[in-house]
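Letters A, B, C, D, E and F name the chains as they come in the text, with residue numbers starting at 1 for each one.
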Amino acid sequence: MKRVDLILSERELDKVIKAIEASGAPGYSVMKHVTGKGPHGVVSDAMDFSGLGANAHVILFCEPEILPKLREGIQPLLDYYGGVAFVAEANPL
Amino acid sequence: MDTSLVLQNLLSPPVLFFFLGVVAVLVGSDLEIPAPLPKLFSLYLLLAIGFRGGLELAHSGLGGQVLPTILAAVLMSLVVPIYSFFTLKTKLDNFNAAAIAATYGSISAVTFITAQSFLESQKISFDGFMVAALALMESPAIIVGLLLVKLAAPQKRPDAKGMRWGAVLHEAFLNSSVFLLMGSLIIGVLVASNSPHGVEKMLPFTDKLFYGALSFFLLDMGIVAAQRLSDLRKAGPFLIGFAVLMPLLNAFLGVLIAKGLGLDHGNALLFVVLCASASYIAVPAAMRMTVPEANPSLYISTALGVTFPFNIIVGIPAYMALVNKLIPAAS
Amino acid sequence: MDTSLVLQNLLSPPVLFFFLGVVAVLVGSDLEIPAPLPKLFSLYLLLAIGFRGGLELAHSGLGGQVLPTILAAVLMSLVVPIYSFFTLKTKLDNFNAAAIAATYGSISAVTFITAQSFLESQKISFDGFMVAALALMESPAIIVGLLLVKLAAPQKRPDAKGMRWGAVLHEAFLNSSVFLLMGSLIIGVLVASNSPHGVEKMLPFTDKLFYGALSFFLLDMGIVAAQRLSDLRKAGPFLIGFAVLMPLLNAFLGVLIAKGLGLDHGNALLFVVLCASASYIAVPAAMRMTVPEANPSLYISTALGVTFPFNIIVGIPAYMALVNKLIPAAS
Amino acid sequence: MKRVDLILSERELDKVIKAIEASGAPGYSVMKHVTGKGPHGVVSDAMDFSGLGANAHVILFCEPEILPKLREGIQPLLDYYGGVAFVAEANPL
Amino acid sequence: MDTSLVLQNLLSPPVLFFFLGVVAVLVGSDLEIPAPLPKLFSLYLLLAIGFRGGLELAHSGLGGQVLPTILAAVLMSLVVPIYSFFTLKTKLDNFNAAAIAATYGSISAVTFITAQSFLESQKISFDGFMVAALALMESPAIIVGLLLVKLAAPQKRPDAKGMRWGAVLHEAFLNSSVFLLMGSLIIGVLVASNSPHGVEKMLPFTDKLFYGALSFFLLDMGIVAAQRLSDLRKAGPFLIGFAVLMPLLNAFLGVLIAKGLGLDHGNALLFVVLCASASYIAVPAAMRMTVPEANPSLYISTALGVTFPFNIIVGIPAYMALVNKLIPAAS
Amino acid sequence: MKRVDLILSERELDKVIKAIEASGAPGYSVMKHVTGKGPHGVVSDAMDFSGLGANAHVILFCEPEILPKLREGIQPLLDYYGGVAFVAEANPL
């Protein structure tokens, strides 16, 4: 099976989750309050009080067949808004 | 400018705690108020200021200066972003210009509250309806900002048809701080006449704690504002200049309008502070959702890193001096 | 039903803030009170209500109506889950039926507190020992719920021998909200007679802030309850009906028992509210630990999404009207 | 070496950690407040105030020999209570 | 020892809530106050105690006993770590010995506050300048601890040249709790004379809430201290003995010094508590940053798991009795 | 591409991030408040109020060429202070 890691702004989280659900993935997990740095600069959580939010880390395990659908839904979001998406191998314990 | 006013402002607990936060960053202390604790204070302050404003609005009603003042405030929140935008466009792209412009059309509730505390310490009275003006200045500024983006920038977002009006109005009127402020204001109005017992039991929470909670929150604001200082180098002298001069211009216009409206000194100062302050809560959150192309470090650093400290520290007493000079004391 | 009572309840700050939270979700505002801030208020409310109840219990002692009332309350928390279970079993599996049944046998501290505020606003007195009844109704309901699971459902869990009694009693008596409520009650009792200075210094924290903190917490409860509304469609009309009718039935029985006990109007209302309310703090947490087979969205949605708003909004004044009707005023 | 990712309800965290310690794994790391969706539905942290808890993400790096023991301790928990467990390759930096 | 003093201390709300936290862990309740809520209370207590101390310091000035007392306190914070270090070295390596030694040279603000509450309940007066002594005892102890590490342990850290002095002084004077306490103290001093309005509006926050917030925080301290009990087995009888006997020795020296300084009963008790308490906030955080070789479970468990409960429960009344015995009452 | 996972005390986070930036990695993500257990014992967040901190989990995706530089900057820190660092394969979605 495949493991997909997405790291992106909390701002786009709802859209990304919709794309994940549309892809037919059997599940996903989300961690918020992730800080970091990427091509768009540093993301901290110092402005959390204002609702500005930080990044989210989404993990999902799925069959390889799901990937094309997932890519199709998510790639345009990452291209436009920023964030990273990587795939790796993973097998059930 | 009356230096004793500046000094009295500087030596009030909220401003001193703001400094303490700034100093913490400058000397490299690891003092921090971890998320989501600052959110607790921010929610509390919005709820309390809305509720108290509502109580007073219920007593003052909408007669007299109330409606004209609110209208003038809304007008300023529509106009300020427009001339700010064209000023900013000389150096910035449309997205960033529009986002910063919206920020300056809107208001800073904490600056407003600090001005209220300043007035109280000077024993100058003011009216509750000014909170209604405060609450009503956020949304128009956001809408104008997004309109400017829509007009000036070709949209090519993955959401297909670009920004839709629904989303814009949604962000403008329903973003959490506008919603909580307006909601608490309405609750204050409803409760004022119908639930005297409820009012009395709310006051220890919304009134007595208020000043201390403001001081605590300003400690965090000092930390966050000072952390922004390094962004300012990237922002450059143009934006830093804008962040000081635009509030001064808006304050000056504000005094003239306040004079035209016949506001007395207390309300005039609050009106001026509304004009001169820039939003670093509601508008940045809204811009980040709807104008992701703009760089948050620019619009947050100007509003929070320059304009906010400027207003808190020298702006408020300076505007007070201006008000004292240009508006004859009611007698 | 006395509509003025309903209106007075509706226009109290706590209920209005609850509505504000509901509206936030319905209109799609992003207003949220991020974890763990609601936990702060929930811990505070339990601590404060326990402490205050303990102080009053120390004064009233265990004589007169105290013990009979507490016993009757515990009895209701044992009996309600049983008839609830058999009602629910007609449509649900044993796990879900038992979990929801336990929920209805137990109580909602926030509903109880809101009822106290309602009484205060009506200037109707009530006694501190009712908090002891509140504290003692959580555990029996949890135990009956788990007993029902044990009896009705064959166990095949990885923990081998199924639920052990130790774990059940542990969840029933030591889960954090029961423990904090009971502990604060005992501290209140101990302190009342031995540390008058301590009592006096606690009151600004436990009393003055209480109403405001309740309002703030209800803002969050409104948000959370409204988020549950979508689950209700899955729950279906049977469960929604149960979540309204079962409290009404329990309230009716409660009034009769209160009358039998000779409680006056204030205590009678509190007793009724204990019977009619359902737990969405202690019991769900306990059920999730001990009956993982039950679906939390069912037992939380009924208790928090239907019964809680129903009680807060129309239940309390309706029960008051019922009390007024069935119990002659003390004179 | 192997990397194991476990995502499960905070409710079972203590049991899972006991199983990990029994397996002889040299260490583990835990992130709480994870939300997500799986066969048992959506898990949010809106009920956090009540002690209901969300999910936890456990990461552990270990030698392949540990896996059978780990599987034995954890699989029954996941089968009964829900949650996912995946293994991937990973090498010391 | 006067058992009535012990009992009165035991039955005060803060100490009872501390017990409640301990019991929660011992009986296995899942009661917890999740991060970062305890941080809110810890920040609040430091801010409030500093601010209040500053107000009083402004009134008392630096004359009379003030400077000698502060000097004596600083001296104790320099000397205690040295003899503690050589005692600890008999059984521990240099890193752990130095870290624990620094802990005992420094102070526990919460123990100090609890002692103040104890004095208030006994209607014994004390002076605000003792807070200045409190604030000034943290840094020297940290410096001595790091000096001892530097002298006694060869450095071979990746940061190349080992500890640099800048980093040491930084940790000693700018770590968040020292910084917040000192900063709030200075703000208190500045505000006392310049902003009477500000003082008055701060008091409901810094004074009225204080006792309740202390009780809430002690509930968490009880939980955290009790969680440390299992570490104690690893620490072994030597460290447990140290954690009880060293405070007693320091308290005894403290009484003698207080007598020499001519302090009255209230200030003498506070001075003794400063000597006898050990830091589990500032010093552990500083040691963790600068002496990562030391095992935090050792220095936290001794200070928080043994010395803190010992002081809170029996230490304070015992020291009071000692003060009463050795220092003649002012008349 | 490569995926690097670092788990270490929040105390050393600043130093590690400096080493990451020096390595030329294109970005990184950080999750704080991680608890766990390793050769140096158990790390909890019970002392969070005192500023003691817990662990941090750092994820970074980079080209394999970055790894030697990264190793050089980070390995001494991990050797001295504790913590783990693992590399795995990962490909853009």
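Just a few scattered comments:
By definition in this document, contacts are C-beta pairs under 8 Å (C-beta built on N, C-alpha and C of every residue); 3 or more make two chains touch, one makes a residue touch a chain.
Since we're looking at a predicted model, the values are computed, not measured.
Separation of chain C from chain E in touch steps, taking the shortest path, is 1.
Path length between chain C and chain F in the chain contact graph, taken as the least number of steps between touching chains: 2. Counting the residue numbers that touch the partner chain, chain B and chain C have less than half of them in common. Between the CA-based centres of chain B and chain E the separation comes to 40 Å, rounded to the whole angstrom. With centres taken as mean Cα positions, chain E sits 46 Å from chain A. For the pair chain A and chain F, the distance between mean C-alpha positions equals 20 Å.
A separation of 34 Å divides the Cα centre of chain E from that of chain F. For chain B, the set of residues that touch two or more other chains comprises 30, 35-36, 39-40, 175-176, 204, 208-209.
For chain D, residues that reach two or more other chains under the stated contact definition are 31, 33, 51, 88-89.
Every pair of chains that touch is listed here: A-B, A-D, A-F, B-C, B-E, C-D, C-E, D-F, E-F. Residues of chain F that touch chain D in their complex: 4-7, 31, 33-39, 55, 57, 67, 70-71, 74-75, 84-89. Partner chain B is touched in their complex by these residues of chain A: 9, 11, 15, 33, 41, 44-53, 76-77, 79-81.
Here chain F touches chain A in the complex through residues 1, 3, 21, 26-32, 59, 61, 88-93, going by the rule given at the top. Interface residues of chain E, counted against chain C in their complex, comprise 7-8, 11-14, 16-17, 20, 23-24, 27-37, 40, 117, 120-121, 204, 208-209, 211-213, 215-216, 219.
Looking at the complex, you find that chain E touches chain B at residues 35-36, 39-40, 43-44, 47, 51, 170, 174-176, 179-180, 183-184, 187, 190-191, 194-195, 197-199, 201-202, 204-206, 208-209.
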